[in-house]
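Two complexes are shown next, each including chain A; its partner changes from chain B in the first to chain C in the second.
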Partner chain A sequence: MLYRRQARRYNTYKRKKTMLNPHPGLPEFTYVKLASLDEACGFLVEHAGEARLISGGTDLLVRMRDKAFKPAYVVDIKGLEGTDVLAFDPSSGLKIGAAVPMNRVVAHPDVQKHYPLLAQAAKSVASYQLRNRATIVGNICNASPAGDTLGACLLLGGRLNIYGKDGERFEDLVTFFKGPGKTSLQPGEIVTSINFPLPEKGATGTYLKLGRNKLSDLAIVGVTVYGFPDKMTESGFRIKVALASVAATPLMPPVVETVLSENEITEDTIQEAANASMDACFPIDDVRGSARYRKEMVRNLTRNAITEVWGQLQSRTENGLEANR
Partner chain B sequence: MISYHQITLKVNGETEVVNVPANMTLLVMLREEMGLTGVKNGCAAGECGACTVLMNGEPVNSCMVLAAECDGAEVITVEGLSHNGQLIKLQEMLIAKGGVQCGFCTPGMLISAFALLKRNPDPSENEIREALVGNLCRCTGYVRIIDAVKASVEK
Partner chain C sequence: MAVTDKMPELIGKSPLRVDVHGKVTGAAIYTDDIQFGKNLLYARVKRSPHPHALIKKIDTSKAEALPGVKVIVTGKDYPQRIGLYLKDKNIFATDRVRFVGEAVAGVAAVNEEIAEKACELIEVEYELLEPVFDSIYGASPDAPLIHPDMGDYEVANFIFPKPGTNISNHFKARKGDVDRAWKDCAAIVEKSFHIPQVQHVPIEPHIAIAKTDDNGRVTLWASSQSPFAQRNLIAKTLGISESDMRVIAPYVGGGFGCKAGVTMEAMPVAIALKAKGHPVKMRFTREEEFYTNFVRQGLKIKLKVGCDKDGNMLAMENTMYWDGGASTEYGVNITRAGGYSSTGPFDIPNVKTDSFCVYTNHPIGGAYRGFGMSELHTGIGQVMDELAEKIGMDKVEFLKRNSIQGGDINVTGMKMHPIGLQECIDKVAKGINWGVKEKASSDNKLRGKGIAISWKAPAMPPNAGSSAFIEMNEDGTATVNVGGQEIGQGAFTVAAQIAAATIGLPMEDIRIAGPLDTQYSPYEWQTVASRLTWSMGNAVRFAAADARRQILEMVAEAWDEDVDDLDIINGIVVSYRSEKEMSLKNIAVYGIPKEDDQGWIGGPVVGQGSFMPSYVTGLDPETGQGPRAVVHYTTGAQGFDIEIDKDTGKIEILKAVTAFDVGRALNPELVKAQMEGGMMQGISSAIFEEIILEEGVMQNPSFVDYRIATTVDVPRVMETYFVEVPQDDGPFGARGIGEHPMTPTIAALGNAIYDATGIRLEGPPFLPEKVYLAMKDAGILD
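Presenting the complex of A and B:
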């Protein structure tokens, strides 16, 4: 009798305790730090299905606390060869290692000068503290359609350097995303860096993000626009759009690009492109916004972003900046 | 199976050698192994900034860092800001301007502001706001905190 009452009390206590603790600690796992990519890749192959890579951990640790991921092994990529590189080469472009935190990217003078769109997108992620851990490659490998840097990385022609058991391979980012949290990575493969070609001459871009609050939240809708002068098109420009949080993967509707290169760019064609962008996406309802709201926001943000980029392109052409870049 | 790691790190200038389980965060290690309870556990999810400490000179959310990742690191907590009981100007101004109420956010706020002033000794109001985006305060309404940071750089 007494025993039963005590047991009951204990159960209530246990229940309360879990109720009082909405953020439980991390589950048990083994932390693994290896000396080389080769060893890390071998370890991942040997423990396929039970090992996960950690870079900044800002996605991984959240998922592990929520019990969405239960890896037996957490393998650190920091310190593996080539993952710490952040280098710009005026003839070949930019290389960002998988372990380089976003703040280092944002602060790099060559990124600010040649890839301001990437700096802008990275700066829109969470807070300064978090960006000291969060990485661009982590944002990509996490493959959330809401990832803030994905649009900029896609439009700037990002290409991943991937290390696997058969050695190194490259993959264009456009083919990398397969669904929420799903990528084309094979068991054992590690992304070591993302590489960008030199930006187009006279290029400019912007990232407009709608979050629940003004700063530091996942995007309800995110619109990245990138444009540059192009003599081959009817309009004289090529303007591309990437959309976040409106489909299972980041979306780059080609129809927007077509509308803006085959017609003279006016307020009307910009509106037409914005409508096309809205029609191209198929968002879902979730806690951050309804599908209908998202669609309308895609239209409005696309219009605003194109207008902004178009304004910059025009003033650059007028000032002849395009020629001497 | 859980792994244990012997790590050596510097905390507020002192070298420490600790044996930590893989699932221990830097936050838990500082609070529970070292008694540095100035580091606060607000959300344990990277959102609130109460757990902010300097790691190798840069502010990080200590709830989002594994202790095992800190081998060789240099960590500074709010306890390490003052010297011999002498508060730094930022701390004095935070008190003077009424930027402390319940005080829960204060340690993280101080670390973020301290880091800002180190990389940018003369920040604009906007730069202060941007640097403190990741530090939530449920009491002061932020204005007094921002005033305090401004006042601490005035001559």
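Presenting the complex of A and C:
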């Protein structure tokens, strides 16, 4: 009987969840705009724990409104030296300043030409209006496991330029994420840009995002795949995978790369890689999806993404051969 | 009243909406656009964190001491109850809270921040009570009582509460002999469904501003579908005379039922009564909208249906447990509507229906586009699909064989008026290429088609009335005054069209008076129930005919001719006998001078009209039988051709087709917009929307996790068809179509999913996850 079950459930009833404040509003804070990175860094050190950086503010302000963050100071990085740079150098690669909005990245011809995967991932974030404010570096520093651009940035070899009280340092993105909302940044440090090396020759990639509806949703699961020809491997290719929303940080299961490097790439090996990808992740149940569904989706989307990338790699190789003849 | 029978040219045309310019340019005034000056106070609400508790003590002293706080009110100040059909709600909780988010105290302060701070300073001591989160359990004798005093509540005479239980209405229908009929059935299907709560999510959240003047007269500005019902309910509850309360209702940024009746509007009035001279503004946040606004009630429905070997329906047993929430002041009538429409548009000789409205400690259920019908048809449409399959009959043939037709006696004993449902089924079947199994676009897709039919009657008191008056202006134009609201559906445009067509004016010579203002606008019950085109349309038509008669009589006297020889064409009075012509300019206000300055004929022309159905009868409480339960039914069909992605469970709608019998499409573009928009809202509730409640707390109170369909989710192809079997008492034969297009959607999509996969889900939303895991568990996936 239904009601008995309900009654039993009530016996163990402990109010675990309460209503959020139905009248959220921004807390009081002081907006700080400083003249240089040095000053900004000094301010952050001086006010450690009570100051936060703002770039586009698309995450920060929402969380402040919900009182998840209550910084006394909000320090704007827009206008600080180098944060507005979006530049491609054919010898060294791409630099995206911390204050460059995603729409600028998506629209940049060199990004479209050399880093289409990054453009695709950025374009899947929220809505066009949000992307007028949201930044790639903000997406990274936010360190949400669901961040749509994180997979592309990781697989493309992103390296952060970080300014701190002891000067400038670089950190590879792969070591940056420490947990949901947690990074390796030290007090006072400011990520000023992300830099990408030149893409591998013949590289291609894709980002498959599973949202609940077609526009502006968060990823229930996101799978980024990046591949390129590599003579050093058994298969002749190197194909890497990054997963969103299935662990505390973005995941890059090395086993997937191994399966696809050490074996001839066939439907079976792709399936094996997809299974390995599923086994490597450990998602949770939440309001957006169950762990069980997420695991299944990691497998299916990994398979589909690899198949797509593999198809592109093959057709490029064939076209290349055509051209050589 | 004598209204000319000829069909004017403007009827069946689609002139531009009268509100389009203002809305597109941003010039249109919405409630929050109105400026109130420096005396304005801002109101905030202290809300219950508990689903069910007794209020032991409220201490407002700290909040009162906060500088900037002007007034604090609690349930103690207003012990009286309010409600549309059952007075079971307090403006602020008195001794008990019944859902998470219920208003406990209201604060007005000089700004929102101080009001908010004051709310935090109000201390409320609760004693927790066992809550009820399930409607079937709630209806059982084991459940704790949520309204122990229900027996004392004032109630409309067609609602039947069961004091001593949580059942606030029990609608029964008994027709034929169900128990005997099962023996004759060659096929029987039994199934249960659960339809969760969803919300209206208007883009404009609720807002109301109230002001009490020195004489104690109250003005309320509100985003409202129901200024007159609000005046009536709020005034009565707060001891104000109706004429001392004035409600002004500017344009509405989305209603869908949630701005009908009284939801939050009584709160600012209650506060303003204690802050004379100060306008008091209460503006909901989106979070407040999600947590505390009325919802579409949840439903648990158990159905048993049977037919003979030839596929003729013999019997239905329908038991519905509606999750009415903490108050069912509006919900009781939803469950009644679910009861008297409980067979759907099917002709079934033996019926047993029990529709229970059950109190729970969930958000309050209220009116939502097509109330009761989407939920009810979700069950009916899907069991009929299975019954057709079980008896081995083509599903469309089964629907056609069993759908109700004009002359049939329906579940409540009412003789059906002529309807074009058969034609609707044909059009939808053809539209989705029914009967042809089509290939999926790829190997990892499954394709399926589904069809369902529905009906809905305006759910309202038997005597819901409309009125209108039309003033002629000096320049020969006419100002149409109505009390029905423009909530995006095009009511003002259709009113203008009816007036223009009836008087004989071009469309551009009509002005609609606004905003609605109970001090000046004529009475209208509420803008709900798809009743405006029909009911208010009649009032406008009568008012226009009255104005026309006055004009023609005046001119006939001036010309010494017979009224029957005169006509008004494009604002010019013409005589078919003498071939004289006279423009309406000036004469409709100043009259016509007699020859040789010998006086004047006529005077300012004001036409008036009103309409109220007089023929709706009561129903026997034990059997639900009576001569005429409702004014009429709008009927129709909907079908989908879909693909399901085997990798994700996602549904893609390749084609959506709908056909409804609208009586007469007065403005085809607006009818089409209603049909597409309604179907889209249906699709949204079918595949995205659900208020996820855990122990009474909504888990997804934001647009991040309460997804609604957006433009990009619209099906690739949508087709809409009108069938026009005229309504005998509708203006030019029209009947309502505002709500109906979303009522068959969930069932039709459920049937398409079943066709594609063989899976029947317990209820919406048909999320990819649910579809995928069901396919997985059924072994459909490799």
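Simple rule for what comes next: the second predicted complex is superposed on the first by the 297 of 325 C-alpha atoms of A that agree within 3 Å, B and C clash if a C-alpha of one lies under 4 Å from a C-alpha of the other, contacts with A are read in each partner's own complex, and residues count from 1 in each chain.
Here, a residue touches a chain if its C-beta (ideal position, glycine included) is under 8 Å from a C-beta of that chain, and two chains touch if they have at least 3 such contacts.
All values reported here derive from a predicted model rather than from experimental measurement.
Using the contact criterion defined above for the overlaid structures, shared-chain residue A:Asn132 touches chain B, although it does not reach chain C.
By the touch criterion defined above, A:Arg238 reaches neither chain B nor chain C. Residue contacts after overlaying the shared chain place A:Val74 against chain B, while chain C stays out of touching range.
Using the contact criterion defined above for the overlaid structures, shared-chain residue A:Leu301 touches chain C, although it does not reach chain B.
Contact with chain C, but none with chain B, is seen for A:Tyr293 once the two complexes are overlaid on the shared chain. Contacts of A:Gly25 after superposition on the shared chain: both chain B and chain C are touched. By the touch criterion defined above, A:Arg63 lies against neither chain B nor chain C after alignment on the C-alpha atoms of chain A. Note: residues 23, 25, 215-216 of chain A belong to the chain B contact set and to the chain C contact set alike, using the contact criterion stated above. Residues 2-3, 6-7, 10, 13, 15-25, 210, 212-218, 220, 287-290, 292-293, 296-297, 300-301, 304 of chain A are the ones that touch chain C when the two sit in their complex. The touching residues of chain C, when paired with chain A in their complex, are 44-45, 47, 49-50, 100-101, 112-113, 116, 119, 130-134, 136-138, 140, 142-143, 285, 287-288, 291-292, 647-648, 688, 692, 694-695, 697-701, 704-705, 707, 709-713, 767-769, 772-773, 776. Listed in rising order, the residues of chain B touching chain A in the complex are 1-3, 5, 21-23, 25, 28, 43-46, 49, 52, 55, 58-61, 64-66, 68-69, 112, 115, 130-131, 133-135.
Chain A meets chain B in the complex at residues 23, 25-33, 54, 56-58, 61-62, 65, 72, 74, 76, 78, 103, 126-130, 132-133, 215-216.
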